[in-house]
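Written below as structure tokens is the structure these notes are about.
We call the chains A, B, C and D, going by the order they appear; numbering starts again at 1 in every chain.
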Amino acid sequence: MHVRHAADEDPTAGFYKATRALTDALAAPLSDADATVQSMDDASPAKWHLAHTSWFFETFVLRDHVPGYRLHDRRFPFLFNSYYEAEGRRHARSRRGMVTRPTLDEVRAYRAAVNDAVVAALPTLSPAARTLVELGCHHEQQHQELLVTDILHLFAENPLEPALWAAAPKVPVAMPAAIEWLEREEAIVEIGHGGAGFAFDCEGPRHRALVAPHAIASRTVTNGEWQQFIADGGYREPRWWLSDGWAWVQREAITAPLYWEERDGVWTRFGLDGRRAVDPAAPVTHVSFFEADAYASWAGARLPTEFEWEAAATGHDPAGGNQMDEAGPVEPRPSAEGPAFFGDVWEWTGSAYRPYPGFAPVDGAVGEYNGKFMSGQFVLRGGSCATPRGHARACYRNFFYPHQRWQFTGVRLAKDL
Amino acid sequence: MHVRHAADEDPTAGFYKATRALTDALAAPLSDADATVQSMDDASPAKWHLAHTSWFFETFVLRDHVPGYRLHDRRFPFLFNSYYEAEGRRHARSRRGMVTRPTLDEVRAYRAAVNDAVVAALPTLSPAARTLVELGCHHEQQHQELLVTDILHLFAENPLEPALWAAAPKVPVAMPAAIEWLEREEAIVEIGHGGAGFAFDCEGPRHRALVAPHAIASRTVTNGEWQQFIADGGYREPRWWLSDGWAWVQREAITAPLYWEERDGVWTRFGLDGRRAVDPAAPVTHVSFFEADAYASWAGARLPTEFEWEAAATGHDPAGGNQMDEAGPVEPRPSAEGPAFFGDVWEWTGSAYRPYPGFAPVDGAVGEYNGKFMSGQFVLRGGSCATPRGHARACYRNFFYPHQRWQFTGVRLAKDL
Amino acid sequence: MHVRHAADEDPTAGFYKATRALTDALAAPLSDADATVQSMDDASPAKWHLAHTSWFFETFVLRDHVPGYRLHDRRFPFLFNSYYEAEGRRHARSRRGMVTRPTLDEVRAYRAAVNDAVVAALPTLSPAARTLVELGCHHEQQHQELLVTDILHLFAENPLEPALWAAAPKVPVAMPAAIEWLEREEAIVEIGHGGAGFAFDCEGPRHRALVAPHAIASRTVTNGEWQQFIADGGYREPRWWLSDGWAWVQREAITAPLYWEERDGVWTRFGLDGRRAVDPAAPVTHVSFFEADAYASWAGARLPTEFEWEAAATGHDPAGGNQMDEAGPVEPRPSAEGPAFFGDVWEWTGSAYRPYPGFAPVDGAVGEYNGKFMSGQFVLRGGSCATPRGHARACYRNFFYPHQRWQFTGVRLAKDL
Amino acid sequence: MHVRHAADEDPTAGFYKATRALTDALAAPLSDADATVQSMDDASPAKWHLAHTSWFFETFVLRDHVPGYRLHDRRFPFLFNSYYEAEGRRHARSRRGMVTRPTLDEVRAYRAAVNDAVVAALPTLSPAARTLVELGCHHEQQHQELLVTDILHLFAENPLEPALWAAAPKVPVAMPAAIEWLEREEAIVEIGHGGAGFAFDCEGPRHRALVAPHAIASRTVTNGEWQQFIADGGYREPRWWLSDGWAWVQREAITAPLYWEERDGVWTRFGLDGRRAVDPAAPVTHVSFFEADAYASWAGARLPTEFEWEAAATGHDPAGGNQMDEAGPVEPRPSAEGPAFFGDVWEWTGSAYRPYPGFAPVDGAVGEYNGKFMSGQFVLRGGSCATPRGHARACYRNFFYPHQRWQFTGVRLAKDL
């Protein structure tokens, strides 16, 4: 989000307040039950997101840096820790949906109490503690996106297909132009975070990487193009698929992107505004890496590496495009504009999520964050319509398992030259 | 429940109103989230119980017997049908906990609307339709007990171990006396429902059965006795166990009744009033058939057959003992009284749940009820502390799989003579 | 089998030799690999049957009753014990198929060595030990039937569908006449083993049971009748099925008896002589209890209780009918004869496998046998084409889980009067 | 293997005969049962390896390139195809162990018949067909290694722990010296196959890659060093482990390399020569990527990338070190020599198995080979004691899932500079 603040306001305080407020706004339409149920092991209840992000500030800022601070509720750390093993025993992830109490209102009160304490403490916090406040805001932005996608997944399980928000007014746009291929000769490029601003540990160290001659598409694949893939038997032809992908397609009976259903001959999708017709002009989303890779094979192309992507995206505005500015029915949108690398959908790359040269985990509990997930997942780049504007960077590395697709994930093609 | 009604009130109306009111009272302390979450496949959300019991009246009474009735919400039948295959497609049982909407308040409104319509219709209903109202009340009583035990199971999953109700005041009683053995010679006994009152289809036809010479215990096994079984290695010694039971013990790492935990050397149990010390004088509960059978083997006895039980119970007051009169923290209670066969705990019998001679399912959707469950389950008799008083009968057959134990299930011993 | 022996031969020795010889003959056509592979958890490798039955004699006769006996191989008890927990640690059942060594030839040598030792010891064995020899023979007869059905299951897994034996010459017979209903008024009948001969523990004690007025069919259901059930949608219509049965049908995609396949519009079955057309006149086999029960519902009948069956079978020759006399391609055969209760197929009864009044397990390891299986299984009666002639009795109780169907299992109908 | 041939012999024929002969020698000690059983889904029966490698020659050489060739048995393609989807329907991988017939002798006859036909055809085969013969030999070499490791896995499942071969005489050697660190500055290196000889598709195209400054260990980790990791709690401390790895350790109760057991305080391992004490001087083997990565974290190092490894290995003799020359009890062996990159153990790299720039699958069935496995697996380099000498190359890419460890897999460390 573009954080605006008064000329004399502490920018950290502004960032903190705006971040916390957006989370509250996203959760505003949720009932106690909406906020409690866990729809699958990969997802968490909204209430858990609301509380866990608060637990982060309470633990690493208030408990560790504010003398005399007393926990809001000493039972919460067990409930709302996530994967910080160093912080002790925690509630099993798959049972998070059993916690009907504390209620949503009690969790909102927890948020408010933490807010009061953090805002009161900020003026006197050490630089190290202020850095943790900022880390907590970036952390909470990640959970904002998960909150939105987890709620979407839950609502999709309801046979009544409720809409979380009313549909946004639809602006007619022209169909996107054909893909242009942005070419690059062999080059050594600088990759990763190296500047002053915030970044997660896995985005660095900044280092040099060699990219081979290649072309990268000017835009992502659309729903209309994906329908051609379906119509051409894309989901029934093993030769387009990775072996693990084909096993997944057969085991799960996959025939279309997540949330798509054909009704009376029309492809529809379920979204935050309920079930509606698929827009052929909009970027396809809710596809897995396996699907993205199969589509690319079918299209005679491949997925870009994360280095190719980062090299191409550098220079584009990471705060541009269709990203999340406020609570509402976000979704990828068609655009008649030229090349854009940020927003709409996280783009699967062909790069496995592995450490950069020189990567070393940060010591201590906060540092548990990213290194431990570096097996079996693939990198996604670019941010989505559910990414809070201001959160994305050219060097930002998102990562998911190749079968996962409840995030706003999409596809950009590349080719060898 | 003992239904009291004014001298001039329609008894069916009185039964209906009292039954519906007790359900509402049981659900009164529940939050929207409490009422929505499903803690395991065997359990249903409270909201589902509230709606399903209403769906029963709406479908089989209002829709079928009240001209011009319009459904409260035409989407509800899909959501709130259970296993009535003849009534069409229904929501998968294991996904009931995903339905955060309709909310608890909307379901309460559904209940109220159905109540209004049924009460208004009652004076003009045909005798056949009135019979369906009564069937619906007995059906709802079953769901009252499930509602209580399902909520207990859910709350037990919460690491905070919340109490649904404050604890009842504890009345000191003497430890129960030693078991007396009630002996019976070989006899032909009359078994099953044969009179005028209500009974479920599986309770009949009334028929003659031969019981061999045997003795049956005057009371059920207590927590204190069960602790001796544990202390003697009962859960570690395969020779006391059925083969399937021993496999279950090992697979699930069972070491005590459900909800028991040893804390600081003291056996505690989780209940509707939270976690408290186990009362050695009270009947043991939350044990599976496998555990009941192993205990009986260890004790040099066996479980009674359902015929032995029914023969022994006949003449005792089915509305007596510790049964549910009102919403509150029901649990088995110690008693210094003599032989009692009703209340406290459902008693596992050694009888597989199978049809009586001459049993035939009733035609039509309402008749799907009981016959289809007649494989793999065992009969339990007697009613429990969570059975609405008035619901139990000497001929009443409850049934569960041998590993299930989230109901208030207990053990009465028997012996061959 | 009808054991013939010279006038002066020890009958126990004759029984022992004949039993052991039949087992060897059944295994004669097996390769080392045929005898080693385990096709499912429910089945055992043929080699295991060959060795386990020998282990029984070695352990309970030779080790316990022959002074100075030394084990053939001290590693074998761990490999070839089955469920006799009292005899110590044993190899996991599901990994029996991993034991490629000892080889089939080594196991045959083990059998021969045990035979030599038993035959040499017999003249001086105590009566108690002689009784164990006879028990071992009855035990081995059970494994003969399992050996045959387990091999059939294994061969059915081979895409080449090999025949274990060449097909027997086919004798044309008339189609069986329509079912006659054998009626019986209410009666107290004597049930269970009470005489002098051998019986397993679960067949007693002999006791009195009351049977209600009923009729039992004069013959079992044929393949031709079963094809009508299929053609009428029997496997697609939930109302005929028990709830657990319907879940099984859907989960396992069951559409016909085990080993049946429709090829070019013709129903075929796989058997010990390979794949051949289904004979409409022969008794249907390889059906589960769930299928048997569904068929009975569809036919407007029910399964007989085990008491009804035993009462009807008493007086018929338990050594009559189509039972196993020698190694070869046994299968149920059409017969134009009148009522027969023994041979062809084990007949599912509607009785859960539970203890008789007064049943108590025998002390010691040999006694572990039957009581521990008394949950979740149903009783079958009558013996099959794979039962060694002489093994069956009117009081014999076989038992399997309701989904199991790799034995020669079939259906006899009954009705309430 | 170093293929020797007479000066005038066709080198392709020599390679073919030597390869086929080694496979036969490896299978020589196997019984019919040994060769038939499948010990897990990841493994195949030896008989399947023997037949599948022959099927490859029969299909792609004889059927496609020898006019008039008639299949040895037209049922074999269904049984012995593997993952060549284009070649049609095939037998489910997990049921390969059910195929007791054809027997081992029949499969040996199949091998002999194919050999005769290939050798007879070779003089007149087109160059394209001769290339397929060579491809088939390299393919068979891969299966030789799998045959050895699959048999080891099977024998390890046998409680009798049989030795496939007698133990090799043990040659005393000094403990290996401490690891030396071979350093390299940032450099662009040439990676992948580019020369004239044979390589699999995934080894190319040859391309340039940038390696960052780093050091790579001069030798692999030893059993003695691994015992220190165990003693230091390596398997009990989550902080050393990837998240997926820690979940695997807990789910599978992993406490040591595969086949290790502590007996009477001594670490032993099961091998092709039975169970013996672990040799502390030999390279550790049968460790998963998860274990390799955890060890590296514990040791303050990391795994090398596949580019770092290939750059370091170039110049070393790929036919050197402890590789498989003949049938016998291969295992990693201690060596007092200096840096060696080939033989003993496949070395896990930190590189996910993904395509090189410009990689494109070969058209047609033979080309299905490698590209489809490029998700979720990690690259291993260097060949092992079970790799036929002559098969390895500096550019050779082996790949397995991070939890797999039944191959001879080991660990070489690396460090950032």
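Quick note on the criterion: a contact is a pair of C-beta atoms (placed from the backbone, for glycine too) under 8 Å apart; a residue touches a chain by one contact, two chains touch by 3 or more.
The model shown is predicted, which means the values in this text are computed figures rather than measured ones.
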Exercise. Centre-to-centre on C-alpha atoms, which chain is most distant from chain D?
Worked result: B
Problem set entry | For chain A paired with chain D, centre-to-centre distance based on mean C-alpha positions, whole Å | 39
Exercise. How far is the middle of chain A from the middle of chain B, if each middle is the mean of its Cα atoms, in Å?
Worked result: 46
Seminar exercise, completed: Between chain A and chain C, the Cα-mean centres are separated in Å by 59
Seminar exercise, completed: Contacts with two or more other chains occur in chain A at residues none
For this session: Give every touching pair of chains, nothing left out.
Result: A-B, A-D, B-C, C-D
Exercise. Taking the complex as given, what residues does chain C use to touch chain B?
Worked result: 83, 85-86, 186, 188, 207-210, 212, 214, 238-239, 241-246, 289-290, 293, 302, 350-352, 354-355, 357-358, 360, 368, 372-376, 378, 402, 416
Seminar exercise, completed: Residue positions on chain B within touch of chain A in the complex are 31-37, 39, 75, 78-79, 91, 95, 97-104, 154-155, 157-160, 162
